[in-house]
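One structure below.
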Amino acid sequence: MSQITLPIGPQHPLLKEPMALRLGVEGERVVSAEVEIGYVHRGIERLMQERTYLQNMVVVERICGICSHAHATAYCQAVEALLGVAVPARAAAIRVLFCELERIHSHLLWLGVLAEAIGFTTIFMYAWREREHALDAMESISGGRIAHGANLIGGVRADLTPDLAIALGSALRTIEERLGLFDDLVERDRSFHRRTQGIGLMTLDLVRAQGVVGPMARASGASYDVRVDAPYAAYSWLRPPVPVTEEGDVWARAWVRVREIRHSLAICRQLIVSLPEGPLAERVPHRVPAGEAVIRIEAPRGELLYYIQSDNSDSPARVKVRTPTLPTLMALKQVLPGLQTGDIATVVAGADLCMACADR
Amino acid sequence: MLDRVVRWARKRSPWLLHYNSGGCNGCDIELLDLLTPRYDAEQLGILKEASPRHADLLICTGPVTLKSREPLLRIYAQMPEPKWVVALGSCACSGSVFRDCYHVMGGIDRLLPVARYIPGCPCRPEATAAALKDLLESL
Amino acid sequence: MHVLQALGEMLIFPGALYGLIISMLLAWLDRKLVAVMQGRVGPPIYQPLADTIKLFAKEDLDTEGVNPTLAGLLPVVALACTMTAALLVPVGNHAVISFQGDLVIALFLLSLPTLALFMAGWIVPSVYNVVGGNRTLLQYFAYEVPLLLGLAAPAAFSQSWRITDLMARQAGYRWFVLGMPLGFLVSSMGLIGKLERVPLDAPHAKAEVGAGPLTEYSGRKLAFWRLTSWLQTVVGINLMIAVYLGGADRMWRYWGLGTYLLKMLAYLGGLALVQVLYARYRVDQVSRISWRVLVPLGLLQLLVTVWLGA
Amino acid sequence: MSPIDQVLELLRGQGAFHEPFEQIAGGDCVVSLEPSRLLPAIRRMLEAYPELHLSAMTARHDASGLVVLYHLWLGWGLSLRVVVPNETVELPSLLDDMPAADWYEREAHELYGIRFSGRQELSPLLTSQSLGGRPPMGPNRGGGG
């Protein structure tokens, strides 16, 4: 049978962000896959060397518009580690609150994108409608819907006042009530199962070999979650449960994420009732003593790694950002061959790619 | 007369094509958000189209990375006249924080004629909707 | 006088003009219903008209490597076939043209636009068009048989392939849908496939193949294709109403058209509901379900009908 | 024995390292290696720690030239530090033992100009051809800014 090349991207309705897939297709089956990235490469790592630590706070939030708070948190933690500053307990808790709200919004966004890819526009609409409540909550606390600007080096800028806590509580309740729909979708909806079960299988071996992290890895049976394995900020006392399943297909990824939304809601609620008292931030100097720091945190898509080298000046000598999408992409390259052409969209959308993160 | 009918129709049927030329994703999801229940841009006749051939408005986000240059020009060339380019977000307007990066051109207007600039980092869906409505009124 | 009346019926009611207006109204209502069910507001009532006028006023790019005559001709042929089919299928309880076997001819005329659509995708040297066109054809093979089987049961029962005869057999609320629900479901699935609606919209699944066979078409050609698809929806619904839902019932003396319109809205509402509730099938899943589920069910309905009717 | 001591014991068996480890900010341990010892060390550790994965690779400038860090995760963070000799700017490729190194090596090559022996394809991963192939973060930086 003759082979044709099916190019997807850089502009394609499946991709919210540009990347290019070149798929060799025989009939309705994919036989080879090439992935090209870099369309969003802005050179942020070098940009950050040319800006001061303070200016970089703006830059890191603009690496990715979906997990902006995760980037800011990782960056702040790295600089704080270099400074030897411990963040006040209240600040650590508010950071985690934003991390979890961001996880809720990111996972709902992903569910919507996946649903749209399998032609289920209603779920896309509903998921994004519930997502608004998480965005509203973050906006009311920090003033930013997408780029929150909640973090400071040394603490946080935004406080959860009692009246904001009440508003947050009602937003969480709304999301929780409507989450039942997505539970039903994952657990019972036949038409969803038909398009996701047994599709895009990723074995535990592949996950290990490519270093895949986050919900993608947890859907294939790897239980790695930085929040539990190397707790940071307030996770040392929060200890979220880690949902793990072994199917390794797109359905399992949906299952893991819907569970995680529930756990995130529980963490937020726990934080509202047991938010430590105290100051919001420590005063920190502009100059950072020479040293190196490696920080890992659990972004919505998995382990996010920041490496910062300082040289006793007011701007970093080297910042390295490794985002969870990169290993996912490498693994995706090996998952795509063998798929039906009709499943490409499901698998690519189901991988929760964030090109802005991956390309930097 | 015919002219007025056509103008009436154009104002009410803007089909979008979205291209991210290297932005952070923030504006892109806010644009997509415009289609969802809270904002529902379909009221304005806005549809998000899959093919450049079907589109009237090219909504561009991002500061135009060097690698995005070619695809952007190609997409614009594929769109049938009359067509308009909208620069969505501060990056697309001027390059914003990425202005001087080695892989960035800085602003959609370096490449294409821009009909509307919508600043914001990222732009809220309300701002986008208002600017698009304004653009359509001015046609 | 007869000539004038015939012309009027063809061009104005229930022919071309009425067909266009009602198809645009239904296209709007369809989008509106889906939007409302998804918690949105949806488009204003003039939306399909504005879309169409805008497309006609837009530049019509010729795609490289495509014969412009053929590319321009295919949508016109498709629209013409659909319009002819519209004349055969009763609006309310009156068909412009009616003869023995018109049901088969109407189905045939409705198949031609699908084949034209496949051709339209196939002649463009672009992967999405070709893949979309291929899927159109694959899906055509899958749904055409269930559609035919589903419509054959009432025809076998009435021992006539004339649509008006089928309607006459249902007079007095003896709708075939009550006696042959399986046939109704099977042919409705077939119709959804023909109209390429969710869940059988793989040929133009946005996330997979862009706009499918129409990806490279713009301006006037695109407008013609869209009109064709809207008109097909109307004809398809009319056909189902005539064959299964008894056409226009005479509740009171003058209210025949009213019941017909109600049925049309109800059927469209059903289609919109299906669109809201289901995810898309893959093309191979469509074929499998068609041959393993729909075709046996359709055959069963046909056999039962023949056995009971004999 | 603490986890890091176990690793050091493992590497010592290979004669692989020549400095005691240091603990850097954020809690990761850093162990310095000779470039020639990198591959054997990685192989040994892969055998001993099945759950090990490569999180990232960082290249950076140093007074002595270029330094490359391999950030590993074995249930805790460990980074291997290798100094790239200025004369060759070359390191052994980990691709065969660690598929995850694929894109990280390509990135280090295009941004810093490091060569990796033992692998063919090192086409640019992120940057455009129009940058002229000069590594934008290497010693002779290309591009604007």
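Per-chain residue numbering starts at 1, and chain names A, B, C and D are given in the order in which the chains are listed.
Everything that follows uses one rule, which is that a contact is a pair of C-beta atoms (placed from the backbone, for glycine too) under 8 Å apart; a residue touches a chain by one contact, two chains touch by 3 or more.
Computed from a predicted structure; not experimentally measured.
Of the two interfaces, B-D and A-D, the higher number of touching C-beta pairs belongs to A-D. Here the CA centre of chain B is 41 Å from the CA centre of chain D.
Chain A and chain D have Cα centroids lying 25 Å from one another.
Computed centre separation for the pair chain A/chain C is 44 angstrom, with centres defined by C-alpha atoms. Work out the mean CA point of chain C and of chain D, and you get 62 Å between them. Among the residues of chain B, those in touch with two or more other chains are 36-37, 50, 65, 67, 100-103.
With touch defined as above, residues shared between interfaces to two or more other chains in chain C number as follows: 38-40, 206, 210. Among the residues of chain A, those in touch with two or more other chains are 12-13, 38, 41, 43, 46-47, 50, 125-126, 129, 359. Applying the touch definition to all chain combinations yields A-B, A-C, A-D, B-C, B-D. Contact residues of chain A toward chain C in the complex are 4-7, 12-14, 28, 115-122, 125-126, 129, 189, 191-192, 194-195, 340-345, 349. Taken together, the chain A residues at the contact with chain D in this complex read 37-38, 41, 43, 45-47, 50, 77-78, 81-82, 84, 208-211, 213, 222, 224, 229-230, 291-296, 303, 305, 307, 309, 317-318, 320, 322, 326-327, 329-330, 359-360. Residues of chain A that touch chain B in their complex: 10-13, 16-18, 38-44, 46-47, 50, 58-59, 62-66, 68, 109, 112, 124-126, 128-129, 132, 145-147, 354-356, 359. On the chain D side of its complex with chain A, the touching residues are 24-28, 30, 50-51, 53-56, 58, 60-61, 69, 71, 73, 75-77, 79, 98-100, 102-104, 111, 124-128, 136-137, 143, 145.
Residues of chain B touching chain D in their complex: 65-67, 69, 100-103.
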